[in-house]
Amino acid sequence: MEQQVTGRPHSGMSAKEVIARRVAQEVRPGMLVNLGIGLPSLVANYIPHDYGVFFQAENGVIGLGARPPEGMEDPHLTDAGGSFVTAVPGAASIDSAMSFGIIRGGHLDMTVLGGLQVDERGFLANWMVPGKMVPGMGGAMDLVAGAKRVIVAMVHSAKGEAKIVPECTLPLTALRRVSLLVTELAVIEPTADGLVLRERGPDISVEEILAQTTAKLIVTGDVPTMCLG
Amino acid sequence: MEQQVTGRPHSGMSAKEVIARRVAQEVRPGMLVNLGIGLPSLVANYIPHDYGVFFQAENGVIGLGARPPEGMEDPHLTDAGGSFVTAVPGAASIDSAMSFGIIRGGHLDMTVLGGLQVDERGFLANWMVPGKMVPGMGGAMDLVAGAKRVIVAMVHSAKGEAKIVPECTLPLTALRRVSLLVTELAVIEPTADGLVLRERGPDISVEEILAQTTAKLIVTGDVPTMCLG
Amino acid sequence: MRKAIKPDDAAALVPDGATVLIGGFMGVGTPERMIDALVARGARNLTVIANDAAMPGKGIGKLVSAGAISRAIMSHIGLNPEIQRKMISGEIEVELVPQGTLVERIRAGGVGLGGVLTATGLGTPVEDGKQVIEVDGKRYLVEKPILGDFALIAAQQADYSGNLTYSLTAHNFNPIMALAGRMVIVEPELIVPVGVIPPDAVKTPGVIIDHMLARVA
Amino acid sequence: MRKAIKPDDAAALVPDGATVLIGGFMGVGTPERMIDALVARGARNLTVIANDAAMPGKGIGKLVSAGAISRAIMSHIGLNPEIQRKMISGEIEVELVPQGTLVERIRAGGVGLGGVLTATGLGTPVEDGKQVIEVDGKRYLVEKPILGDFALIAAQQADYSGNLTYSLTAHNFNPIMALAGRMVIVEPELIVPVGVIPPDAVKTPGVIIDHMLARVA
């Protein structure tokens, strides 16, 4: 939301930027989109302003705008991460029942969420690591169960450990197959047949992707390089 | 709501007036009350203005006021019977989900409804006569199931046929025991033990009441005459 | 941004045989111009889900008279003798639903719930054929969600983002039905520029609206 | 008409051991003065139902720090390390509920439903110990209603009938919790005379409100 970044990205860009830029390509004009906090929130930076995209924050605003200038914050207008935001023209305040009604009822065109694991069934685990501090699922389970498209935006592996695995070992977020998985190395589409490798990152080979993935990936023909806008 | 009628009623008053005046005695200051169309709606005429009673119409207004002066009707402000009304200061517009949320959720202090039959269990039948035109239950089932107090306001018998019966022969409105039954002849309280005769109408004897009632009535001690305000 | 369309073009979007949620309570808060356009196009075989059938010559009553309805799911039809006659003759199949249950079923459809549990209707003909479950020792009817192919609703103001406000007892089923139509068409009394309706005044967010009728020329 | 009361008098109405619904989302739209008064009175053993535990020093975080809470039903506690520690030590029993399910359970309590059916949580630890039913071939969790002995909510404006308005993301759970407290205490930022809030602007009708806090003197 801050500003539109244009021009061809350098190969030297960060993993997060690659992911955010690639996810932004999935957004179509007029969509209603919910971005999770952290990495997913960066996606807003790469969506053209003239798309008329509305951002929903599950705490109660449709039409979330950029961070306000200093001194112009409204204590009653924050995003789901608690950061001050603004409201775009045409914004609407909603209560939590309406907010999750929109999410659960299939009115949300797309949600972008972080992930801990995604498995061959396309199931996501992203809210809990047993034995660690448990933050709670917040809105994640409703978002994954209810949004029209669920896009997982995460780094491909964590400290050398694969995150794209045969079967999630962490507690699932929902029984729903997510729509797309975007990492800095690959774009992967979960299908009824399994995980299909659709695209590879800039200057990344299929072999490198397979080496960092313990799940079986379906690779057919040439795998194009991802477009980063 | 039209005007407060004061002074002692004459014994020559109509059955409807007796019933409406007696039901009005059940209303306490500050209550939220829903009055059914027809006879129950007359109750409003006998509630003191300074009681601060709010009337709810299930079609969507809390704080229903009197009929507007001619030419000052608003096509968007009617009661549940479709008649033009006004809104008192402090009125609130609500949608049907909120309206029935208030009814079903036990927030409505009292509903006054007409009746076809009431039986010894205190069950009400008031929405359907098999073989006749079926208007539909509208809000009646929710009102009887959900209101804190359900008061049935009806003439004691219809064309010589008892309406207070051992067991309803007409389809029930709800499995809930109503709170009070007011007719022009009697005030009857349904209890776990059965129907208790609490009061008798002006110049009406207990024998007259029993003669027009096929349900068993529990009569203990003197039965006082109803107060009509 | 949504361009406003003419009633005839909106009516052309609704095919014969469609399931249509229509807002209004005895004709108050009903999209009258949309209904007129459906009658004019000769719509047939509609399943209409609404609080009531209004009265002949008003709101949904016009669809009844025009023979556009083959099935109705409503809470009250008592002020429209015509639908009562058509029900008895078998021309219109009528399912009667308690009003509070009807609005919760539509809401459940709109907000993606699998249904709601209610005590309303227990021990009455409403219970017939329904699943009954026990929760903490109390019995409840399982009432299923309702969705429409279309929701045809009336509003007071719209902006060109589709954000809506409603007036007094013209709210009724409209804000709930707005959630439960696969395509939502709104008939506002007034359309204002984006930004004119403050966020806190919006009762239906425009993102769930598909089309709106242009004002009367 | 309702007289506004002082926070201390309101806090005195809430006994130790009560089940309390508290509005707010990470401290936004939380009744802060009411919470301060509960802390000042030394409230103990509360069951708090809220979206989250805010953070230390803010909103519900103050109740956590003060040792006022023995049980919490929330969707998120991740920004408050203190409640996480107290959960692990066993000082606070925490039930985690998906946010959309939590708000629907509270709504169900408030509007007198016996529960709602949702697919959210199926196949996750949320399913543990819950009734699962099948409707039209699909499986759903039966999620039970939640009611509080008290609902402590924040609003933007109140009139002396108790009618409420809310602002932007300070709506969150407040309008829903207003329906689900056996006693409802509201902390408005501003109290205006009856008639000043137009009927269409009212989001919570005053008839369901029991008490409101007086403005800061």
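As written, the chain order gives the labels A, B, C and D, with residue 1 at the start of each chain.
Keep this in mind: a contact is a pair of C-beta atoms (placed from the backbone, for glycine too) under 8 Å apart; a residue touches a chain by one contact, two chains touch by 3 or more.
Labels paired with UniProt names: C, D = 3-oxoacid CoA-transferase subunit A.
Values in this document were obtained by computation on a predicted structure and should not be read as measured data.
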{"item": "Taking each chain's C-alpha mean as its centre, the one farthest from subunit C", "value": "A"}
{"item": "Chain centre separation (subunit A, subunit C; CA means) in Å", "value": "35"}
{"item": "Inter-centroid spacing, subunit B versus subunit A (mean Cα positions, whole Å)", "value": "56"}
{"item": "Chain centre separation in whole Å, for subunit D relative to subunit A (CA means)", "value": "30"}
{"item": "Shared interface positions of subunit A, touching two or more other chains", "value": "61, 87, 93-94, 97, 100, 103-104, 146"}
{"item": "Multi-chain contact sites of subunit C, meaning residues that touch two or more partners", "value": "104, 107, 111-113, 118-119, 166-168, 199-200"}
{"item": "Interchain contacts, given as pairs of chains that touch", "value": "A-C, A-D, B-C, B-D, C-D"}
{"item": "In the complex, subunit C residues that touch subunit D", "value": "104, 108, 111-119, 131, 133, 135-136, 138, 140, 142, 144, 165-168, 199-201"}
{"item": "Of all residues in subunit A, those that touch subunit D in their complex", "value": "57-61, 74-80, 82, 87, 93-97, 100, 103-104, 128, 133-142, 145-146, 171-175"}
{"item": "Touching residues on subunit D, where the partner in the complex is subunit B", "value": "1, 107, 109-113, 159-161, 163, 179, 194-195, 199-200, 202, 205-208"}
{"item": "Subunit D contact footprint on subunit B (complex, rising order)", "value": "32, 52, 54, 56, 61-63, 87, 89-94, 97-98, 100-107, 146"}
{"item": "Residues of subunit D that touch subunit A when the two form their complex", "value": "25-29, 51-52, 74-79, 81, 84, 87, 96, 98-101, 103-104, 107, 118-126, 156, 166-176, 203"}
